[in-house]
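Two complexes, one shared chain (subunit A), two partners (subunit B, subunit C).
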Partner chain A sequence: MLGRRLPKTEFDLEFRKKLEEHFHEARTINYCFQCGTCTGCCPSTKITGRYNPRLLIESALLGLTEDLLSSPDIWLCVACHTCIERCPQGVKVSEVLSIIRNFATRKNNVPEGVKAIASQFVETGFTIPAAAAILKRRQEMKLPELPKPNTEEIMKIFEATGFLKLVRG
Partner chain B sequence: MKYALFLGCMIPLRLPNLEYATRNVLAEFGVELVDMREATCCPDPIGIRNMDYLTWLAIAARNLAVADEMGLDILTLCNGCYETLKTAYVTLTEDAEMREKINEILAKANREFKGKAKVKHLLEVFYHDIGLQKIREMVKRPLEGLKVAAHYGCHILRPSEILKFDDPENPRKLDELVEALGATPQQYEMKTLCCGAGLRNVMSEYSIRMAREKLVRVKEAGADCMVVACPFCFIQYDMGQFEIRRLTKERFDIPVFYFSELLGYAIGLSPRELGLGMHRVKVDRVLKKIR
Partner chain C sequence: MKNVGVILCTCGGTLGGVIKFDEVKKFAEEQNGVVSVVLVDKLCNEDAKKAAEELKGKVDALVVLACSPQIYGDVIREKLGSAGLSVPIEFVNIREHCAWPHKSDGDGATRKAKVLLAAALARISETKGPETRVITPKNAALVIGGGVAGIRAAVDLSNAGVEVFLVEKSPTLGGIVSNHVDLFPSFKPPQDLLKQLYQELKETTVHVITCAEVEKIEGQPGDFKVTIKVRPRGVDPEKCTLCGECAKVCPVEVPDDLNLGLSKRKAIYLPSKVPYPEGYAIDFSACTKCGKCVEACKQNAISLDGEEKEITVNVGAILIATGMREADPSKYAGYNYGKIKSMVTQFQLERMLDPEGPTGGKVIRPDTGEEVKRVLMALCTGSRTVEDNPYCSRICCTYALKHAIKLRERGIDVIISYMDIRSPFFAENLYQKAREMGVIFIRGDLATVDLDPETKKPVAYLENTITGQIMAIETDLVVLTPTLKPNAAGFLKGLKMPRKLNEFLQSLYAKVRPTDTRERGIFLCGTAYTPMFVSDAIVHASAAAERALKFLRNGIPKETYTPAVREELCSQCGACEEVCPFGAPKLVNGKPVIDVTKCNGCGICAALCPTGALQLRDYERGLLFKQIEAVLRTAKSLDNESPKVIAFCCEECAYATLDLLGITGKEYPSYVYPIMLPCAGRVSLLDILKALAEGADAVLVIACGEKSCHYLDGSVRARRMVAFAKEVLKELGYDPDKLGYVDVVSVETDKLLNSIRAIVDAVKKG
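Let's look at the complex of A and B:
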């Protein structure tokens, strides 16, 4: 048979538009010409050997969302934003990839460690619990009391954005 | 000079010694701080932003609104808080549609982002508001002979289009601050490399390996110590040295200072007034080097 067989996968051709609806600057990925500068300068690529921002952007452009949004590797970014500085096409690479992780989160693809931080945040307004040893140290140093935000007030914001559902599932 | 102090999470809840040193040093410069008692986490520009951009922006906007009500500019002691709050400030100032959307959410909490309070990092306050000249005048114990490798951290530099603090590829301001203390800024390879903190909650081994990359270069260059401007970078390089030792058996013994500590020592505060005893990698040896 002549010609290549297409892979058995769904192409979400609207995916780049969905990204843009969440984050205006996501439209910059349309300028990507796949040069690989982002991957070349990425410290996570170097350390992990399996994080590849160029490929992730390509998947987003092609709408290969099934693999993209279920991959645990998309979480290996350190958010150093070197790719944004170096991209010759002005693509907001790391910021767009962060929005892609928003979509992965909705498919329950979130590392446990990240979920734990979010749970702590929702509960107290801070991502780190107040350990007794630290509170004692603060007292010894006569530091002022810790901030005490109104958690009910913050809960109203979480309810409005739908964050509680994301965290508690 | 008077600021609304935004503490964030890492400094008050893990490294109160950095808060202590910073408060003591700023008092010496006559800087007045009003704590933002109603502030929350900035929120975290990596984990929380990765889960939901809108929540991240809305909570950041709420923190900015708290400062608006206080009528003061914000001082942050952490690169992460700086990136979050400044990015939110710039986004909501420039994007009217997003501002409206966020203010609709904030209205449910009786808050409003007005965009009056500006966001400043501690290094900006030292470099721009206090200035190198004033710092030089205050130095009583010049750090002569001390070779200091400056680590800026990512979220004070990039995205530079938003943060506009310094040249993202060849930053100079922290080196100039180090020089103002009488120390020698030590140049080294991969100066703008990330500390790796962003991977700590995802895959800690990668995070530790990234911290190691820089420590190798700092050691090779012959620096006596490192100076950082962010509590996350501080943990990566201070506590991180013990984690690297467990992983690769390498030993670096490079003391790490938060900038306020180094400045505080140079203006004559005692190690006790700076909480220097709470570092994991002991700093005594390096302080003895100073004449």
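Let's look at the complex of A and C:
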């Protein structure tokens, strides 16, 4: 030893319990033995070439929360649930990741792109508002007009749940 | 000169399309010594009677040209015998070796049948048949080691009517399981199992000899003379009431080996929670003979002046059940075991988890006595290393998982550092349960441990190979999982008892003879063979007892092909003693003596005897030369154009694979002539040279798979012999490519076919 010591690894062993408190079936991550089926079958992995749900579960298990909650990768899940279908140990991978995203959001670790979608939602009531071209085509096809969401009512919900604060800071 | 009869079988007329039977019949009739030739359609069926009646009284030897003797040999022999024709038979396989693999070459198949017939005639004129002898083994067995496997085997043998001696080194039976709290993966207390085994043992007449060690084993299979050293126990178990007064007054304290040094005990002590025989014992290496215990004992059970004595038992069979132990982790680098006191092994942890154990069931740091809050377990301590321990100890993952679960039940955090978790079959449930209970699994082998200078706690360094993170984990206690090793057994010295994977004892044939050894009459049971779960050890012990019983009942084979010794030729080199896989030849006053009770008749010694002093019965060098001459000369006289290839093949897998080439209709040139030997190890340099000198264009040696040789070393010996012969051929100016070797297990038809093609290509190249 040259007098320098490696910093000690800290585990947040309570993190799995916190997950479980929010979502009972989050306890299934205990059974994860890192086979990698989730990553192998993930469509998001195929497109991004780097998204790795297996590693995110390992970080959750070890309670490496600092890294996990600031990771941009937790936002790459498209919630198709293929991983849940395929996991040999019955881990609810994508559902656990949605809880993890909630935790990250509370810490205001939200990527700008996601924030933009959220403010769009707050303003229009749509996460993806219809583009002008679509509206024009609807007219040509003589389809009824799209209903207008009641943004005032929605806003009340946003305020009551604290979503507005999360979005606008 | 024998009067030889020849029977030709057409296999229900089906072979007639390829082999010209009239030609073969005419050829047979022209041969010297042949007095009668019979052509039948179904020798394995009704025609046997017809053939027997025609030949009865006329012949004293038979050559049968039919299907594979490996398949129908016994049937044909039995049918002919029951029809009154019991003479030595030499088989020529005209179906699997001629008609079927040479379907599109009728002339070649017919020629091959004739050539092999000529070789069989050359052979049968000189074969003597096996020697017969009956040796009745002594109806007694010695079981060495009184753990669960030893007890199980002893009880089984005794119940079958065998006199059994059960020898145990320590003062009590029970072995490794007796100081465990629960078995795994079942979580049942081993004391229940032991009590049940002891009850069974009490109902038998097994002679239990504790405090005893086997010194040496002499004699032969069926008649071993075993010297046993018996130490004094100091306490008569018949009188001892387990009151414990003696231990209270004993002034001597020594580390308790039962608790692996975690606590102390007196010099007079109870050797197990459930001792058998039920009594205290004195550790005379510690006892000062002060006499206080003698005074305290109201039963007069104690005597301090017993002396070590030697006894000899005479038994037919020996079962080795000497068990296993944890390796000492202090010799494995990086762990600092012994220097860092907050570090124990799984066995020591087991003792701490025992409510009646040295810590009353509390898990503590041995150095400070504090109860621990976090444990780091490292698996594979010293296991899976190429040089020292190139194996997985199989049961330790499950063992560690059991402990992890028990620690979690006590609220202790558990981190397991592992390379692979190997929890076989339903031990997987323990793995699931441990995960469910929040054990932290980190894939990455524990590399080093040191002490934190401030907290004085051990810090474990490892890489989490899943995340790539380098970790320094502080913990209260490190638990190592040392590789498992067999217990020392000095008595094995001088026996042909190779140890496998460095130290565990090797069985004769892992698949079909997992309890037999090279030493006939000596069997393996339990963890002396390989680490295994208790339930498996019990099954293994019962299997060993059954094999020992079969040996004691049926004894040494009544028919043997033992090599004959021509003493005047022997140069006393001792090669035979060295190369025999079974320890049969021994130099006595410089001359080899073959122990018929150990010989398996493979002929490896004969092939490697440099002076030809050893000749395997019915496979003598002279006889083999005659077969080679018959094959090559007949082949030449029938067809001078085609090449000639001699294929020496063993009569086990090599022959069966040749059969399978025929059965599956894979064709190869008909000029490949097989000569059958008991083992490929019987092929000597001279046999190869003889074949080439007699005009063979190439020689192929076909052996059993090297790991499944029926005589253990035969295939390896054959491969080395071929390699050596190639060197000799190079020196002599021959093309070494015209000599080949292939080892096949009996399904590897393509491998064999490729070897045949390679040798044929070499011949064609010229």
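Rule of thumb we're sticking to: the second predicted complex is superposed on the first by the 143 of 169 C-alpha atoms of A that agree within 3 Å, B and C clash if a C-alpha of one lies under 4 Å from a C-alpha of the other, contacts with A are read in each partner's own complex, and residues count from 1 in each chain.
Basically, a residue touches a chain if its C-beta (ideal position, glycine included) is under 8 Å from a C-beta of that chain, and two chains touch if they have at least 3 such contacts.
Since the structure is predicted, the reported quantities are computational estimates derived from the model, not experimental observations.
When the two structures are aligned on the shared chain, A:34 is found in touch with subunit C, with no touch to subunit B. Judged by the touch definition given at the top, the superposed model places A:131 against subunit B, while subunit C stays out of reach.
Number of subunit A residues touched is higher for B, counting subunit B against subunit C.
Touch criterion met: A:82 reaches subunit B, while subunit C stays clear of it.
In the superposed model, A:58 lies in contact with subunit C only, and not with subunit B.
Shared-chain residue A:105: touches subunit B; no touch with subunit C. Subunit A has no residue lying at the interface with subunit B in one structure and with subunit C in the other. Per the touch definition, subunit B reaches subunit A in the complex via residues 7, 9-10, 12-14, 16-17, 19-20, 23, 35-41, 43-55, 58-59, 62, 95, 98, 105-106, 108-111, 154-155, 158-161, 168-169, 192-194, 196-203, 206-207, 209-210, 213, 275, 278. The part of subunit A that touches subunit C in the complex is made up of residues 1, 5-9, 11, 13, 16, 27, 30-34, 54-55, 58-59, 61-62, 64. Of all residues in subunit C, only 413, 415, 421, 431-432, 435-436, 438, 440-443, 450, 452, 459, 461, 464, 466-467, 469-474 touch subunit A in the complex they form. By the touch rule above, subunit A contacts subunit B in their complex via residues 22-24, 43-44, 46-48, 75-82, 84-85, 92, 95, 98-99, 101-102, 105, 110-111, 113-114, 116-118, 121, 125-131, 134, 137-138, 141, 143-144, 146-150, 153-154, 156-163, 166-167.
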